[in-house]
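Next up, some structures in structure tokens.
The same chain A turns up in both complexes below, where it pairs with chain B and then with chain C.
Coming up: the complex of A and B.
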């Protein structure tokens, strides 16, 4: 057992209102520089929809992630030999057209235009060339709220194996449905971006598992952009360096939640430590699709188990981190309650961001009916939900419905139980039956309810002590840098020499 | 007049090479120490994907082969002469070298057209990029001219250019090998040293950081604070 700690995340999709506050918080802090305008380390997608970059889930087009080939795990986009031959031109690299050309508007013109018969307008100016843009063909959140659109929603790669009637149902007028899917870097356990980097510039931090690009080592070979199946590594066309979500590590190290977590209006985001067994990464990533979720859960270790604690201490994990792991809300959602599922685990990167699949909106296939809780099947509205189960399974279950249905049924049971407690139009006996059928207990339901609905800031974000400050002090004399320009970069991120 | 030409030959073929090589070594090291962030291939594939392929691929494969040919001819001139003793083998060598040179030229021209015509690519093209393009263009065109009009260079390289280069290496430059060369050959040599001298100030430094450790490192890279770098398992 090789215990490592990882800062992991849960996004509760039922609570996401699609306000994009997270994206704006991130953009304002990290990606408002030249060359990064088009990057959205955090973005919120409408599902069904094509996402950002367009159709990123279509790996036949982008070739991201891992595949198993003859018992071996291989990158889909590259290999050691292919890297040698493709280094001059990466055949799988997306171009700016797959994202969008960033622009601003000629606001000056509104003030400086000579007097005339017409109101002056502010034409769009490209942030790449500075020249006026004839047409704006795409932009951030270009398909926002366009559930039901034959151009965007209909081209969602997750619709591929849906039966005709379910697909039609998603697009039926007055019944069309969509939900929001906020995305950041998953800080995977088996990151394909790291494995693809010819320079070894990408790395995973040992202490907290954050995946970073070493800007001093990145040489713009661009392999990471192609290899990440979630398309969460971006190429800065100005500095010639790749950049990605850094999980706001300067904030985490000082005990603050990352900007997108902190600003989340719907309070959908949870963050905490998971302890996992690093020895099993390769073995788990090679499992068949249907076993992946269970295997992934199994490699997450119980932070209360004395054996795990001892092994963690041997690996230099401090007691403070172990304690945060014990209080981790992510551990509850992922491992104990099994409510949170990894996105597209079939890409085999073992993501460390988990999603509670959305239960709402339910019930619209029944015409004009209300939910009939007296019927024998308490969960029929899940099986007949407006968002087809197969669609959610393609997103969160590697195509298999079982784990998704389990998570939805448990959420439904908790709702029934709370309705029995607070409204009383459902008998407690029925609520308890629902809990039983959903593999849940009254105590667990109470806990799920508390962490879902009543969670405070400190419940949602259990940030481990970083102890990096001490580490620096022990190794370097701080007086060495007195009156100097500080640690780290002493020059701005310029292009070339 | 003769002494003036002799003096010029000394400057161009006995002084310039050392200035160029020392500039390369010193500036490269200092740039790596102080400006490591600036070491990048500055790829523009993200901004334009199609023409990039037709320019960059033939150019790189062409120029790498041609440079390798020059290095081999410099290192083992005798063996090259022996190989060329059969006319057929000589023709094969010369013809394939010419094909790769033309490939390089076509790639370079495609790259120049791309840089000039695509507005996005023009934005990310600096003055130093254009200087490299110019130097490379002169280098390749003069090389092809020499190959066509002064044929069997693979043979005469061994008896004139190789000894001259070796005299430079031995710190005892002997310009007599090159003094009597045609002007185009001299241009090819001088321009090569200009390229070497200008190299460390440009994006060409990406050649020096080719990522060979990738071929034997493990797929996953983990860094611990205050501990040496570690690579770990994962996929192949």
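Coming up: the complex of A and C.
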């Protein structure tokens, strides 16, 4: 057992209201520099939809992630041989059109325009060329709230294997449905971006598993951009280096939640430490699709188990981190309640960001002038959900419905139970039966309810101590370091020119 | 007792051997050095010079010491190019006589070796017939046969390998008409080399042991045999009246290279034709088309 710690995340999709506050917070903190205008380390997508960059889930086009080939794990995008043959041109890159051409507006024109018959307008200016843009063809959330759905939603790669009638119904006006899918870097356990880098510039931090790009070592091969199946590594065209979500590690190290987590209006985001067995990464990533979720969960270790604690200590994981792991809300959602599922685990990068799948609205039916619910029960049968189960399974279950159905049934049972407690129009007996069927106890239902609905800041973000002072101690006296750093310079200012 | 006697005997024996060895060394030292110098002359000088055998590429060295003083000769031997560049009139004349072939600096030349060489030349000049009176490879005066010329061409372009494993001439040199694509551009064009090296004898002497710093290491361990020299001389003689590679041919070669590069790009473009694949635009176009129908 090789125990390591990882800061992991849960996004509760049932709570996301699609306000994009997270994206804006991230943008303002990290990607408002030249060359990063088009980047969205955090973005919120509408599902069904094609996302950002367009159709990022279509690996036939982007070739991201891993595949198993003859009992071995291989990158889809590159290999040593392919690197040699593609030395002058790195294929499978998203083009600017697949992202979008970033733009601003010429606001001065509103004030300076010469007098004319029409109101002056703010002309869009490209942030890449600086020239006026004739038409803006795409944006980072161009398909937001099902905008342009015949083009975008209809081409969602997750619609594959859906029966024709289900697919058609998805776009019938009465049952139009969508949910939000906020995305950041998954800080995977088996990151394909790290594996693909020919310069060894990407690395996974030992202490908390955050995946970073070393800006000094990056040589602009962009192999990481192609290899990441989630398309969450971006190329800065101005600095000629790749960049990605850093999980706001400077904030984490000072005990604050990352900007997108901190600013989340719907309080959908949870963050905490998971202990996992690094020895099993390769073995787990090679499992067939249907076993992946269980194997991934099995890798995550119980932080209360004395054996795990002992092994963690021998690996240098401090008691503070172990304690933090024991309080981790992520551990509850992922391992104990089995509510949170990894996105597209079939890419085999073993993401460490998990999603609680959304319960979608009740199915409606138009009958003459009246719109009716199909189900008599407000808490409808999850299989009658407007979002087809297969669609969610393609997103969160590697194509298999079992795990998704389990998570939805449990969520539904908790709702029934709380309804019985607070409203009372459902009998407790009925609620308890629903809980039993959903593999849930009353206590567990209470806990799920508390962490879902009544969670405070400290419940949601259990940030482990970063213990930078220990790292500094290895090189320098911490007191001396404190006096010599912290003035906004990486190297301290010196007298003179 | 017996042991002591043996020791004495053996000691005396060793002393004898040493004395004899010392005597031999002092006695044989002069001829040894002369022999070495002669060997050096044969390897590095005889391919262009004779002593009393008339001029090859370079002048006959018989009594050279009477033509120029020792100081000048030593200076010239050590670095012919420097003397030439200094505007020395005599060196200029030599350069003209040899039709523009500048004497290369001999390998491992030193003041001492230059001295030895001059001593050797002086000694050989006094002989009735010097060992360096003739060219190293005897080339007949008869006209060459068609077959010899053809064999020479095959050797030149490398279709017939050289017996001792030397690189074919074409690797670095070209001759007008030798092959369709011309030849190597590293060394000079050899179309007119027969004229430049003043005929068969000069050419054959050159080939028997190429003296230039570039060619010497290449052929030092892979010398040409006399039959090959004969055939190459025959070929180069047959080519002597051709025009050197004209600028038109060079331009054609350049154009060919340009076409090849363009062809390569077209091939790459085809092989990697999927490298630019728009995702979003294709979706939009497909959407527009389905709306139209």
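Keep in mind that, in the parts below, the second predicted complex is superposed on the first by the 453 of 497 C-alpha atoms of A that agree within 3 Å, B and C clash if a C-alpha of one lies under 4 Å from a C-alpha of the other, contacts with A are read in each partner's own complex, and residues count from 1 in each chain.
Keep this in mind: a contact is a pair of C-beta atoms (placed from the backbone, for glycine too) under 8 Å apart; a residue touches a chain by one contact, two chains touch by 3 or more.
None of these values were measured; they are calculated from a predicted model.
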| item | value |
| --- | --- |
| Combined model on chain A where chain B meets chain C, clash or fit | clash |
| Contacts of A:83 with chain B and chain C, given as first, second, both or neither | first |
| Partner chain in contact with A:304 - chain B first, chain C second, else both or neither | neither |
| Chain B versus chain C as contact partner of A:313, first or second or both or neither | neither |
| First, second, both or neither for A:160, with chain B first and chain C second | neither |
| Contacts of A:109 with chain B and chain C, given as first, second, both or neither | neither |
| More chain A residues in contact [chain B versus chain C] | B |
| First, second, both or neither for A:95, with chain B first and chain C second | both |
| Chain C-contacting residues of chain A that also contact chain B | 89, 94-95, 97 |
| Chain A residues touching chain C - in the complex, by the definition given at the top | 50, 53-55, 58, 61, 89, 91, 94-95, 97-98, 137-138, 148, 150-152, 154-155 |
| Residues of chain C touching chain A in the complex | 272, 274-281, 283-284, 286-287, 290-291 |
| Interfacial residue positions of chain B with respect to chain A in the complex | 31, 35-49, 52-53, 56-57, 59-61, 119-120, 122-124, 126, 128, 201-203, 206, 209-211, 213-215, 217, 219-227, 229-230, 232-236 |
| Residue ranges of chain A in contact with chain B within the complex | 66, 72-75, 79-80, 83-84, 87-90, 93-97, 128-131, 190-192, 194-195, 197-200, 202-207, 215-222, 225, 235, 237-241, 278-279, 281-282, 285, 348, 468, 471, 475, 489, 491, 493-497 |
